[in-house]
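Sharing a structure below in structure tokens format, with a few things to ask.
Think of it as A, B, C, D, E and F in the order they're written, each chain with its own count starting at 1.
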């Protein structure tokens, strides 16, 4: 069983603890990005997974590769070249103060890559699953072209394709997103979204429901998933449901919609250590569960438990084992010391 | 529009994270003090503000100045001389364990300054607002004399004067405070206090109300403000209302009383990163709002939102922008990542 | 008044903050162990206390001694020799992610000590109280023999003996524990346990009660204590009651059973900084209160308040003063800054 | 007396201590660039100096400004706009291992600025000295155009112009450099160079001398300076002479050539803490000395002593006072503690 | 071309900077060991290399594996099991104060491994070179047996075998070493030693030469190498020559003896950052050079330049590229910044 | 054998590494002072030593005590009271940049102590040696009075008295020093000084010798010692000889003059880690050697080797063992790793 994820990996620079940018005398340097994060999740679960991207041939590019390799991700398909690695600055929020992200990712090697850089026939050799997110085509029409080429080739080879819509308003407009994503959705088997993506990308909203009402509207999410399935023919739609009480306290749950049936997970009240990569860790958990042929209910529970744990871990990557996820999914969230 | 704040800035030495003093192998070194904190708040909001004090001519004194200058505070009026900079040691509390403050501020340059050190005619040139707190006159009768001289000169020039009562039992007794503060109150237009100051300084308590009752007693606070206005003739009284559930969890709101009317803010449930300077950031927010001629309700909401954010920020200073305060004051406290 | 505690002190290696092991580029190095932790608690309360153990003669062994000495523990009775100091790796959990402990304590100097290493006649000179925990005999039958010898000698000298059952499933089985602890219980005056120990060690469970029910079952704990008293003849049994909501949030209270009467403490809702050593700090508080002849109710309140504070302190040791504990026990848990 | 420096300021990201990039879990974040470094030097000497550049309007851009402001540099002339701040990664070398610099400065706000961004009439109001380096025109022909415009305007206003050739082979070729710098040299009064720049930019080498011979060839450097003066009509040429024994040990001296006379400084044997910014601190010292009308010998001694001290200071900026430079220049390099 | 190295990898715990053990509040945690260090060197040079050992299945064992994998070492042949990972504590010396090493490696997984743990037929599939050091058989006779079995199998398959004598007096006596190593030497093609190993292990000393004389005795080292070749029939003997001026300053060179000819390298005057792993990096460089069929002189220059660079790098591993080594070997040790 | 040292212990606040004050976001917090440093040296050598001072009863005062206790110094004679603990800020120099010390020690508890605070009869019970330095009487005439009282009592009891002149120009003038020290010298058996103290305090200079000449003038130092002996009747005079090449490189040696004979030590070329406390560690070494009845030559070698090692250790205290000092004194300064 082999998985390919494709996208951008960035250098993440974050002040220590809860320092604001202006207080930072140093930045914690880690690496991450939607699809790289999914790759690390899967490698931690013991899946054979390769991350595909383009990175400059200098030492910082190499650091990103070494970090992926450390966690067991196959980096042998990464193309070296281009001018720079994308960077993002992250200031962690707390209580009523929101986290801030400053992107410095324009002109990165992958953002300036072309279809000529990637040989998908070679990349997809013996591959079962292909994953990318809406961030990747948003990097530029050249990268959207690469995604399209990859999707076509994957479909041709009978590879399952999953995509996390991951709308980023700093990268493109809803109109641009809809235009590009609609083309790609044709090829996508599993569509992942958060509570806002469907509206931001496809203008799909639940009818006759008030999404801002006190409690989450289960029926509304079902309708959204249904419309996605109907419009694009996906086999399954998974939607994460984040309720932000503050930057420190979030509730977290999700729904999996497949075969005309909706499966809702347990809801976790989380004290947040680092929420970046939370959605990606959900994707990683879901892909793992589906590769293992878990039931829909078990799949959504695994994915939500996995991503709940991510929120307690520093950095983009979800550094948890299958055993830890299962323990939580099966009910022990008490955080007792094991000794 | 120009603001002057006057008082002491200290070197603050705090163990990292939640270490107790006895565990500290190093101290985080920042700078702060009631009036310096207000100056930084205002500078961050784009106000032209100068901080007036006396600091020794050695390098640590210069560090304090550089730190203020970094945030855009005008430091050109600071007098250099004297023996030492005041120091305070701060041990951050958590959960049921309270924060500890050890003052080592006696004999500081400002505590030993005299009226001859400050030329208020020069300092108050083209100034609109003058702010100080009850800590400054508490440093010694010599410093109280300087305050009195400054107040007289400010009044003479038609400058608005605000004062935060800020009672410190480690600096003086209630009796001493009342004696000195009563003289100064004559000149003060805007009086700021926390839920205990009025009683500790002036013995003003709400009649027929039980302040220790479960919920905060709105009527009681109104009565306190009324009495202050009646006794000293202030134009407005602002009272912050802190409900300490633990060192980690506080509720935070405030009241502004002006023109015989009380305005209560929203209440925030805060997860605390650093609560020192919380009151000062309220003062900074209030002065800004008043300088901008906000309505009383908008003023108190701005001041409370500003100070709510401060509790999520390390160090005495409130490093937030007008935009961030407005976002919170207008309702988004969800702490969602912006990207 | 002099106290002896006897057991193992280990080097504790923990990643900074909430880092997982895999993210650690350095480990915070502290020292701790059930009985050493109790010794430090008592020294902080001003009690003359010596910790007895065996430590290798190399520099890391000396570091452990220096750390105890710093807090005022008498280390002059520690035997030097053997091959290594026990080590444990601690990864601090957060939210739904549990803390992880990896023991590397086999072959430590104390685990390979023999009865010939300790001269209890000398050690117990002018001693009033002897304390150890169930971890010590679990280190090996040789160490259980030392415990038995110590207990006999202590009893002979009329020294009060306390023992915290502290069952560790990574050190021995319930069967082994029961066999060894039953012999030792004969000598024990004060038995301390957490909500699971009595069952894990002696198979004592409350009859006709559902321990997993929503609220803690007071009656059940009384029955457990009663059975311990009946079976082993202890003078008092203290049971700590931890309710783990998550790794970040715990409720904490306890019961003291003595003279056929149960005394329940207040319950604290704790935001956890570091929960390792929480039980030991309870033991330290209880021994102090009993040495001071506090009433049973005051004793259990002191012990619970002491251990509640421990949860807000980094490291195994409870670095609090009698005054701080009393302040909390008598009601101020608001965490307000003192200044 | 007012000085303007113009160029790029970058975010500098450097692993702690002697870590290689691959070992860095965090980067020390400071700011620097040839002309910003000179500005900070001058501000530290009490000179009224403004740094002119273009920086993005985001928070990291603001951090660069705050850092300059902290040291007293006037930042009010900095234009905000553009996409990004230039970044450079620095890995500090030691012993036989050389320091590594990775530039990520393309597309920075200043590199994409145009002549329309800067109003030199306004900038040069009441200015006495204008300084830039060869790095600035190397950023692109658009920036070279800005330099040319600035030089013309400065000349017109009778402002002294200094330029440090600062050849950077990663930014342009010798041919490109010669083409552009030759135009600019017309306007330059004081030309600063290191031991290689003259050859790399203008192909000027000393005739009949072996530059690689054991000891530095004084005569050769005089010839080089002479040729520069003859070709471009500068009033003075200053050349720094670095002898790299290893990344840890350098010898450092310089020559000032003016009025047909060469003045050589003392030579310092330096143990290097951080050599980046060494040349800039020389420029800062030289400009200060010339503004103060020091004799040529005193000027070169001040500039070399200033830059010698820089090598003992972390970060690009030279954080030393006039007094410290004078003490060294006048002979005390013993490093004795002052107490 | 594939290389196998076999031995122990330990967790290395070192106080930061030049702190003594007693000052350490945290330990830098890295991983290293003679043969693991060689493996990382080779992986950095682009060689396909696997490290073989046994590590416990817990998380700290996994950290060691992840660290090797990060640098590109094949870890798929590592056996998981056993009780613990070996640990060593390192206190870095400076000036006249020597570095201290405290071993806590007894009972490690590899020290208690048996011949049944390793299937050398499988391990040596398509392998060209096998490397181990004298530390490995010193771990115990069981491990010496594994080494012997490996050597026999390697010889049988025509694999080149190299061994670094690496005498450790804390692991075994000279007598034990001679007994065991003599058996193994039969199989060894390339013997590496430092200036003391030959005497400590085999009692081989240069005749008629005074090794303690001021300058290193070239002839003496040639005689030692000759005797090793004559006694054991090795194809080549390499001897590193360290001259310790202080813990901060060492001179470093080496000799390669092969085909009756001695080749001496340049000598480097090193300012030491971290000297642990210096010898291993020499081994890694030598193996690389020999695999590349460098001439003997080029081989010894490459090996010495590689290990010279290691002394400037923190941690056991030599994190340098072939290009960096070649640059130094061919003469540039000036440590100039590349930009 | 019991030793008493008496003086001030201060909180030392130092930026990390080679940061200047202006770069410090945190300060390393350690404790030290001339006589406390000697006490720690002696405790490390196994001597029973108590440090006598007065410290405020707050937590920072307690930290100083805990730090001394950690190293085995008897702190039971320390008086608690007064307002503050003295502080000094230390900026470590490097290369040509000198270390800077800023004292903030006025008004400390010991500086304001009176003779009534110390009961020398009690303190000197069973004591053999009393040590203080010239810093202590320089704190104020009240403290000089305490010193005089202590000296008289010590003499009365036949206790050996040693004093390190330790002239501090920031504390008093040469004239004041001479006045006070001359009185105290009557009681002093062993006088310690550095190369400048004798002149600064007593105006004693070597006749007919040029102290600034290239090499140290042995004869000059002998004359100085002789004059001290003749004028005050000391039994021995020890003079340390520091040759400051730079803040990073010093040569270090010393002379002991006793019974009309001068003994010069070896000279060490030191690479400096931290030179503060260097003189005190010499005093500690000398007292130890004299207590052990070493020969004069062995005594001076021990004292110089001890203090040479101090220069490689962070913080004021000399954390070395007798064994380490002996190893160096007997010739091994090669800094080789022991393993």
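We adopt the following convention: contacts are C-beta pairs under 8 Å (C-beta built on N, C-alpha and C of every residue); 3 or more make two chains touch, one makes a residue touch a chain.
Owing to the predicted nature of the structure, the values given are computational and were not obtained by experimental measurement.
Considering the contact criterion stated above, the chains in touch with chain A and with chain F alike are B, C, D, E. Contact with both chain C and chain D is made by A, B, E, F.
Rounded to whole angstrom units, the spacing between the C-alpha centres of chain A and chain B is 44. Separating the centre of chain B from that of chain E, both taken as means of CA atoms, is a distance of 62 Å.
Counting partner chains per residue, chain A shows two or more touched chains at residues 17, 22, 25, 66, 71, 100. Touching chain A in their complex are the following residues of chain B: 17, 71, 268-273, 305, 308-309, 311-315, 319-320, 324, 328, 332-339. Contact residues of chain F toward chain C in the complex are 66-67, 69-72. The touching residues of chain E, counted against chain C in their complex, run 13, 16, 21-22, 24-30, 58-60, 62-63, 66, 83-85, 87, 89, 91, 100, 102, 104, 106-107.
Partner chain E is touched in their complex by these residues of chain D: 17-20, 22-23, 93-101, 103, 168-170, 244-249, 275-276.
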